[in-house]
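Going by the order they are written in, the chains are A, B, C and D; count residues from 1 in each one.
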């Protein structure tokens, strides 16, 4: 299923070098003011080509609303948003085809889909599919108007000084990974449930849906495993549930506790490194060295914050609707 | 929803000090040989009271089959398994009630459920609910007969020498956390999908459903964020997809690649530390110091491996059925 | 999936002659007063053996709460209710086994489940499974306190005079079918959606889940197909949406319109007729005549009204929660 | 949710007079040959303007594939198909707006969505949304290549002679309803489950998602309620499960029994009758007489057979995939 969410449900479609990519948002309340303008600044943040270390591929990324908006407001019916693919250079990929790129899904896709996959630019696996997520996330953010979601890069290539981390990659002619931290303020107490619908489960599910994510931790996360209980426990201070520390990252028993929600995700280095690599050529059945062509990010983590924010907003909007904390009709 | 899975679907119910805890498994293929015997060794591993550092609470934990098994085989209909709660000491909790225990769900449960929650022993939040998961996991393991799942503790209280980590806790009269590593061998290529149904998403979703889990990472995980791409990429060696290294932990593009599946989870220290703590008394609205009564694990990570194995088996059985790699009728 | 509902979700389990039958209700709001007493009168209505034409099998049908209720109120966690099977006479079925009973699921179950099905008394197919539905329905009715659901038999064996229809069956030593009509008053405007979540879709889905149902129609139903549009259209009279006629049965565009919800279901005659029948003996592979043993209803429609009410209540409670018309915490 | 299906899942979007209507099909196996050509003949059958009694509105109804097809085959990823709306005359509807049309969803949509609904041409409620269903149905039919689905009109305006029924409507300057019968041959034994996933439940759920459907019956349906058991029971004749009669319509215990699947649906008369009608004007709050403008079918049943076939194919393809009777990769 290429869908996520119980009430506010998103479904993605499209391929990197196909006709288009897009998303359908089902279950958005009626009456929310919405226009393409509302999505542009987040879509701009996601785009490459602006920063050192991001891909020179430039798509207009204009969101075409195909349904669900009428007279400038959501109707309560599915909102389909389409992005056209104009700026594709597929020939880069056709040459590469017989050598599955290490770190990429080329080989598994070929095995799983029997050779029917659209291999151009990673096809459906491409991070271009996150364009739709960012658009839907911008809508979710509008619904969550009292709640503030901020994701930022805290580390690139092992360096807290991000510029330094990038320079390391440029110098090494290699790609690097990074860490994103996301902080949510203004969240009410009570979102999530113990076990399968824990807020951690939903958020982690969504975060691992973002290409290149290999780790997720909440609050103190892996560091908690080294702590004593007396040290890790967050003492409750007042009747609003404010805690003195926030080792839990704002979630206990799977449920938001009214403190800041804090989590971090690990992004692996871009698989398409400019460095020469070795892999199997499935035609010759021999190992072969080659260099990846195509336009790629040196560090995908640079473009990830807005995607992480969108993914977070989608999870929270769904939980808020489920908990009846956002009405089915917005009056604004 | 207290349920997980699309085809092989488990639903848990029960409270720590209520009548019983249990699980229903829907979608299990017909024809699988099954008796209580098949579940006992895993249930035994989950039990406390056997090892240094685990709770002295002892339940018989005998799995009563209430449906779905006939003439020693599964029928294809829902299997409900009940565990009776016999050995409860609820009075420990009633005294504690006005002071929500730090690190526990007491306060959020009270806020979310309007005071209707069964607070005794953590109620539905209790790790006792994992008894059902372990039982269902043992059934899933039987279905996955060619696949081997092994979880083990790799670190307690920051120490690789587990005994030493535990002794640290005992000496400090405090609780400690730990790290569990899970390795799956024999997995076919092709389980999972990119995006929302990535194998990482499903596994992380399930892992964060286990109480006390605060971090999940696959392969190199958080360390990947510090690596170069040329270093992290796993080169494909042969036509079976075997890679020279396994930084990806056996998953690329959300899909199993035929190498060992490897992931680690961070378990926070047991919230019920024997140390004196401070929290808010919601009757007096004052901070108060107190010590936790009741029987508790010094380190819940000790009992976690079998739970992690069960959780993993549930995710994999579901994916294998979805991918038509396990038939709807077992002939054995 | 043996489950139904998006928010208020029921899962049934059990076999007619197995250990037990039961149901789990997930997603019930917290704070609803609930005891076994609340369920007994509906369970009593479902029971056979009281009326002319119903099976002499008598089960205590006492609902044992296994979870989800604490201090006389629902906790917001899954409610599991168990009914013990005490009064079973399985030997009746073992003799019959090689001749699949016409009208029953014997043959398809055998084919589909590879011979692993519990064939005693119809196993999981048995109408005994509706015991759980009736219990859950009684809980749903409590949630729908302003809404009144009444199902009644309007026809037996083709006769509006029910006694006469039954007597016809007794005289013919045969079983008969019947028609149930269900009327719901007090329903708000706005439940349901066009297309797949139309109120008609949800109700019909649930009604066809009841064994022996072979037809469902709303409002004028099949008679509407013979009408002119000007005749069938219900003119709106006032600002509350009251219509002069109710040919639509209270649903337009898949959505409740505030008028009485009216639908009818067709129940086929009990398959276990006392009359001699012919079927294939799968051992001899010959046609054979035989008479059905066991205790059966002459007309299952007689016991159906309370099941239809329960099924209706389950659909409506789910829709009301989804539409935020029932809160997540009940204060009573 | 504007979605249906567990494995082969369709999601519809769009409005009658908006930008477009469309559908996304998720879970279609990879490797199925597919082009727009494959959909055209069914789309043509759905179109109005060709037959006496259908709307003169003419849309090109050309299916634009936006994703999921590559090199003439399905990729295994979501297939999004878009239909442009070109031939709309929205002004007809704006005039009408203050008087909700009897039989239509105007009033309930307004109440439910707070006035945010796209009211032009019925918006999302319009039968134009079935264009996507027909396209998806044509794909499902390709998957079900051994199975034949045929729906046909058996009655219009109460007349078995369809021409006569239509003439009756034309003479009366009124609209009429009709009956559709659907017969499926070549279905294997074993699709469906007892209770909530009964084949009857799934089919009825889907049929009531089609606008204007007010009744569904399987096999003898409502007539079964008037029969004796000995008369209704279908005796099994041979080891393939062939029955002498087919009163069950090919389904027992919710499961296909290998005989022809037969069901009938009742279609109400087109709500937009040319006859003068009375309804409430919500501005003046007075009853008012008016005539419906716009282009409409005298009898929507005429265009329904291809929609019923599509709906049936969608349900069966989903069940076949769930039962592992269609592989995940098609080799043709």
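Note that in this section a residue touches a chain if its C-beta (ideal position, glycine included) is under 8 Å from a C-beta of that chain, and two chains touch if they have at least 3 such contacts.
This structure is a prediction, so every number in the text was calculated from the model and none was measured.
Looking at the partners of chain A and chain B together, the chains they share are C, D. Chain B and chain C, compared by their mean Cα positions, are separated by 37 Å. Separating the CA-averaged centres of chain C and chain D is a span of 26 Å. Chain B and chain D have centres, each the mean of its CA atoms, that are 44 Å apart. In chain C, the residues that reach two or more other chains under the touch definition are 1-3, 6, 12, 112, 124. Chain-to-chain contact here is organised exhaustively, every possible pair of chains being in touch. Of all residues in chain D, those touching chain A in their complex are 1-3, 9, 11-15, 18-22, 24, 26-27, 30-31, 64-68, 70-71, 73-80, 82, 112-114, 116-118, 123-124, 329, 331. Residues of chain D that touch chain C in their complex: 1-4, 6, 12, 100, 102-105, 107-109, 111-112, 124-125, 129, 155, 157-158, 169, 172, 174-179, 189-190, 193-198, 200-202, 204-209, 211, 213-239, 241, 243, 247-249, 252-257, 266-273, 275, 277-280, 282, 285, 287, 301. Those residues of chain B that touch chain D in the complex are listed here as 6-7, 322-324, 327-328.
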